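Here come two complexes built around subunit A, the first alongside subunit B, the second alongside subunit C.
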Partner chain A sequence: MSTAVSASSSTKASTSSADNSWMTGNRRNVELVLLIFAGLIGLYAYANVDLALRGSLPVNLLAVIAVVTVLFGSAHIAVRIWAPDADPLLLPAATLLNLLGLAMIHRLDVAASIAAARNDSPQPSADVAAQLTWAGVAIVLFIGIILVVQDHRRLQRYTYTCMVAGVVLLLLPLVPGLGTTVNGANLWVRLGPLSFQPSELAKILLTIFFAGYLVVHRNSLALVHKKFLGIGFPRGRDLGPILVAWLLSLAILVFQRDLGTALMFFGLFVTLLYVATQRRSWLVIGAALFAFGALLGYLAFGHVRIRFEVWLDTWSYANDQGYQIAQSLFGLANGGLLGTGWGQGYPQMVPFAKTDFITAALGEELGVTGFMAIIVLYGIIIERGLRTALACRDPFGKLLAVGFSTVLALQVFVVIGGVTRLIPLTGLTTPFLSYGGSALVANWMMIALLLRISDRARKPLPAGAEYVKGAGA
Partner chain B sequence: MSELALTLMRVGFLALLWFFVIVAINVLRRDLAAPSTTALAENTSTRTKPTRQGRSRPQNLVVVEGSLAGTVLPLGTMAVTIGRASDCSLVIDDDFASSHHAKLFQAEGRWIVEDTGSTNGTWIGRTRITGPTVLEPGSPLRIGRTVMELRK
Partner chain C sequence: MNHAIRRMGVVILVLMLALLININVQQVLLAEQTRDRPGNQRTVLQEYSRERGPIMIGTDPVAKSVPSSGQYKFKREYTDGPQNVPATGFYSALYGATGIERTENGVLAGTGDMFLMSRIQQLITGRQAKGGAVQLTLNGQAQQAAYNGLGSSVGSVTAIEPSTGAILALASSPSFDPNKLASHNLSEVQKYYEKISADPNKPMLNRPLAQTIPPGSTFKLVTTAAALESGEYTPSSSLPGPASMRLPESDSRLPNWNGQACGSNNKVTLTEALAISCNTAFAYLGMELGNDALNAQAEKFGFGNSFAVPMQAATSRYPTGIDRAQQAMSAIGQFDVQATTMQMAQVGAAIGNGGVTMSPYLVKSVLGPDLQVMKTTAPNQYARALSNEHATQEMAMMVNVVNNGTGSNARIPGVAVGGKTGTAETGKGRPNIAWFVAVAPAVNPRVAVAVAIENAGGANEVSGNGLAAPIAREVIQAILQRSN
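Up next is the complex of A and B:
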């Protein structure tokens, strides 16, 4: 059964690469053109902010151009040298999102600085400088992964190492003296002046673990089942892993008060189980467990209950717990179809506009037109990830690529859904846009791994398959 | 900045943003179109293959050395996985083989062997393979202490 799947995909990949040399040869130039395009859009936004708010071009425009060119240019060169057959869209799309995020953080910095000047209070430090530094760290790690992880299948050897490391990282904020609580969620670890969010790195490690575990165990999970109501249900003992994942995500919810991360990990595991076994029963079981967990959370925790009530009846809470979401909705309404334009709205009115609510800020200044473009950009990244999974020839790489795409998709859905009041609000960072170093670093690392897998998947096969001379009898 | 200039910049930015998205989607669409045409080509080629090259194509994978010596695995069109794990198509009891050691699959009428991340490597003759490699009939394919070859 497993061989049938890999057989069809491998022959497909090999014939396609033999017939379509355009798929491999000049894709890097497409990437370069799109990357330059993305850079220009980002700098346009950056310059537009200062032109609108201060009436002049930003003083450090040339320096910013240099930094951005060096950063993303070196990422491109690394891909060109070490992953020449990789997907051409992932890097430019992620770069554009990152630059839009930086421009919006800069815009909010300027708003804060203008407000401070008006109140004669000291100037706040510019968050955009910190975020740009983090982008630099992220790109260095991105290049490091492209260089070090030559073959993604080697990661499968570290399946259980990744599990242990991932769980330790998740538990790290609970260690007294190390963890810090910010805004009610116990998510951060502080080491001297540096603080980071270990759950962001844990999501990469746990994806590797889930993929490695399911590659080995998918047959027993897929083949042995009892039929009930027309759907095959797995045996009790096979339910173990999903129950562990469920308990783990509930534990995150209870101890760290972080709804979003819990949701992400559970959704990731259910999706991977479904993809690995091709059994719909996992979706049914997953949905049931999710509903049960949500009910438990609602009954047991005040903060979950408040989130639900604010979601259903925002305007009764518009001045207290629902202030943030109400302001965000006002902002989106103010933006309308075409937005207010960079620097001309009031996104600073929304609390945490740089982190959780950056999409609301972008929605206000770029309008629904720009907001849709951002969502489509995420769609492109996720589509390329799933496409990589389809083209990939080994089951571990397939699951890994699906896992990374799912993590991004779930994050985008949970955050944008929360900000636009489609679903109850949960705190998660918006990939590539939000202010926050650990999330940015982790997301760029995922893009690097996706590029690594896609490089292997898109490599021309029979043409590149070398004959070993003198090996014949 | 005048109101008009700012409005132009606002609309211009959105136009540029969408232009990027459209260009990206065009690249994506060309990429999506490719496999469907090759999938068609693949179907026709597999249909004609058995009649045209049926006689000359190697039919069996024969284990010539190791604990499974003498085993003959008839090959179809499906890929064959070799390793110690029970879900492999050819399960070899060999301490020097990895659980999922190598994969043998067909492309354009030839059999291609690819190492699937093994510890001790996959060898054709005395050469350790580094990527997907064509396995000619009669070439010794060595995995751990097991040697096998393609025969008609």
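Up next is the complex of A and C:
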């Protein structure tokens, strides 16, 4: 990854303004071609589910084709008009993930509907309709951000507003009457018929806050007080921010019993602290605090301990606390190399197949081949985000892009690692795939902001402007 | 900052690689192991999504898969389930498979090696994968006669074709309904399974194959064979037959079942001793012949071997390392002699088959999904138990048992039936076992059958004739009828 990145930046440096048209018009066409490709894969999957399970094409296939075309087509057009220089891979990769998620949710809907018909129970409502509606909301907000946030640097003005809003959102589930407990974790807020996961929106706000805060304070945080084992350590009073972030994460763990979100926020902060200051000592301190926090969690909370034990010895717990993960592994094993094919496995046997365990469902029906493709798609989005950070000319934009990429990477690693028993299971939604509106909306907003930053980063410099190597670093 | 960003890129790359490697480990390397773990419902579901081939008696399917509207695409249905279950076994989503359903799973599921070509064909044509069929050696009428004959008693019946070893009837009572275990209503399946597991009469025990019990006086057939084979005795040899005898190195006395002497002057011929089931004469024979001769004779009939029919049958045993008193008891089928009804049917079959013991088998042929024969079981000679001449002599002695001795209830007009009664004591306060072993017709016999009724109460030798012989007769008639 790093070699590719440096190769590209050197190309960029040597490209004169005269022949940089390949970066603009053509790139949008690449995006369009990839987007059509993503659309075809997604719609094929959708049709394949019905063919396998019901023996006929879905009745609303044409309507779905129309909706998908309009939705992601307008996202493309918005980027073409208002962010013409933006990265061409982010939108198609996110679209393909979103469509695969919709297809799997539809597949599980059909399974639930068949099961209900068998048991003479009332037909469940189709979750895919709700999810498609949320995708619509997400794309509208996506276009809104492309349109409204002309310059990402303006977001820096709202550093502390974002902090307050982010922390309030994180605390919202604890307000009596608002918060609801889902699967033992208090991370949902219910307002009438709507429920959403505030931590998903908070991750964007807090990334903006961390970036804005660190841009201003990175010089003092980079000061070396003492050297130990060749690593410079900061002054004691500069430990304040990381301790606050740590305590906040612990609070999430304690009050919301949500290990995944706690880990994600702390990991994000430490990463940004390291990138902003370039001091490896922050990683060491962060790792030590994480280890200490994890130990505290292990000692203090039964649910953390159980998760850990289930991870080590899944099969002894296969019928109780380890049921989900055991079912997930059964599904993955059933999928094998090439998968059972859409509609031909038993992903409905895994609890929470539409949310936390959606990758297990996909792994079963698409096999390790399809699962690897999904992970590579995430890899592409993350790599494109980091590339945007490298190319970005201002430090705030750099941190923002690294932040979004890191959030995505941590979330993907924690949830897929948990589902596939690489690490202990922690509840987090799988970006773009999982059923759930707030997460989908938040992730599309992140993609919009990344596109915004990359548009500015890749825009040819105005004539006369001097290209400063390593600007903003 | 770019340096740090690139480093983070490397870290994230490592994390993604870890995910990629791990899913390959889970889905490819460990997949086989995970699939086979207990509690993996998918494996069963997968098997139920295929049309499993039928198990047939003749051309009638007695176990077949019928389309189901539920979670499983097919449901297993058994015709006369309780009657045929000792052969078919059951196929349950919850409790796995037994019997032919288990041993011939590769054929029935269509996953066996011999189905490679048809699997490739199915892959190309896209047709639903379908399993092959298993045709049993059972005779439908004989099977029904055996099961109905057992009625409400506790016991078992095995019938064998002497010339081949093909099992013609295999019945166990009380039995259970495999349909109730193949049901898709898993909670009812569990309830039923727990109920029959707790039943003290053990309906799930496959008695004819899996349960060894003392064969009682029917073991005298083995002792007689050993006597003839020794060359020291002929059917007309005279033996001592007092009303009772003191066992050597022991204070206990062995009486005859009716408390009478077996003949005038306490003397009796071998033929006569078998006909009236004279304990003292056979106990004397056992001590004279010695343990090695009896053991060797028993093994030639199949004792000491576990036959795969293809289900693995229990090993019938003749005790070794015993003293003379125990030899005397063993020679009349008491002490530690243990046999399945299948083993005792084999004894009758070998005598009828000119002295040759055949390996028993239950699968006549394997058929492809199109019901074309793919494999037919060839009869296998297991051992020569006695010479042709001695076999003919012993057969005549058995006919004499039915015509003039204790086995009168096995008589069939116009058919020479050979037989032997038996009553086995299983211990103080426990019910005796009534036995009957029969072979018919005497020349070129078509069937050998062994019947054991376990809850025969305080029965004596008469009960082998009274309880077990009529069942044997019904089975023989069912077999002989078919040809007429």
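The definition used in the following text is that the second predicted complex is superposed on the first by the 440 of 473 C-alpha atoms of A that agree within 3 Å, B and C clash if a C-alpha of one lies under 4 Å from a C-alpha of the other, contacts with A are read in each partner's own complex, and residues count from 1 in each chain.
Heads up, the rule we're going with is that a contact is a pair of C-beta atoms (placed from the backbone, for glycine too) under 8 Å apart; a residue touches a chain by one contact, two chains touch by 3 or more.
Just so it is clear, the structure is predicted and the values come from calculations on it, not from any experiment.
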| item | value |
| --- | --- |
| Touched partner set for A:Gln131, first subunit B, second subunit C, both or neither | neither |
| Contacts of A:Thr207 with subunit B and subunit C, given as first, second, both or neither | neither |
| Partner chain(s) touched by A:Ala93 [first = subunit B, second = subunit C, both, neither] | first |
| Partner chain in contact with A:Gly370 - subunit B first, subunit C second, else both or neither | first |
| Subunit A positions touched by subunit B in one structure and by subunit C in the second | 2, 6, 367, 376, 383, 470, 472-473 |
| Interface residues, subunit A side, partner subunit C - complex | 1-2, 5-6, 115, 118, 271, 274-276, 278, 315, 318-319, 326, 329-337, 345-346, 349, 363, 367-368, 371-372, 375-376, 378-379, 382-383, 386, 389-390, 395, 398-399, 402, 405-406, 409, 412-413, 416-417, 420-422, 470, 472-473 |
| Contact footprint of subunit B on subunit A as seen in their complex | 2-4, 6-7, 10-12, 14-16, 18-20, 23, 30, 34, 37-38, 40-41, 44-45, 48, 51-52, 55, 88-89, 92-93, 96, 151, 153-154, 156-157, 216, 219, 338-342, 344, 366-367, 369-370, 373, 376-377, 380, 383-384, 387, 393-394, 459, 461-462, 464-468, 470-473 |
| Residue numbers on subunit C that touch subunit A, as the complex places them | 1-6, 8-10, 12-13, 15-16, 18-20, 22-24, 26-28, 30-32, 34-35, 37, 39-42, 45-46, 69-71 |
| Subunit B residues touching subunit A - in the complex, by the definition given at the top | 1, 6-7, 9-11, 13-14, 16-18, 20-21, 23-25, 27-28, 31-32, 34-35, 37-39, 41-42, 45-46, 77-81, 85, 87, 89, 99, 103, 105-108, 110, 112, 114, 116-117, 124-127, 129, 131-134, 136, 138-140, 149 |
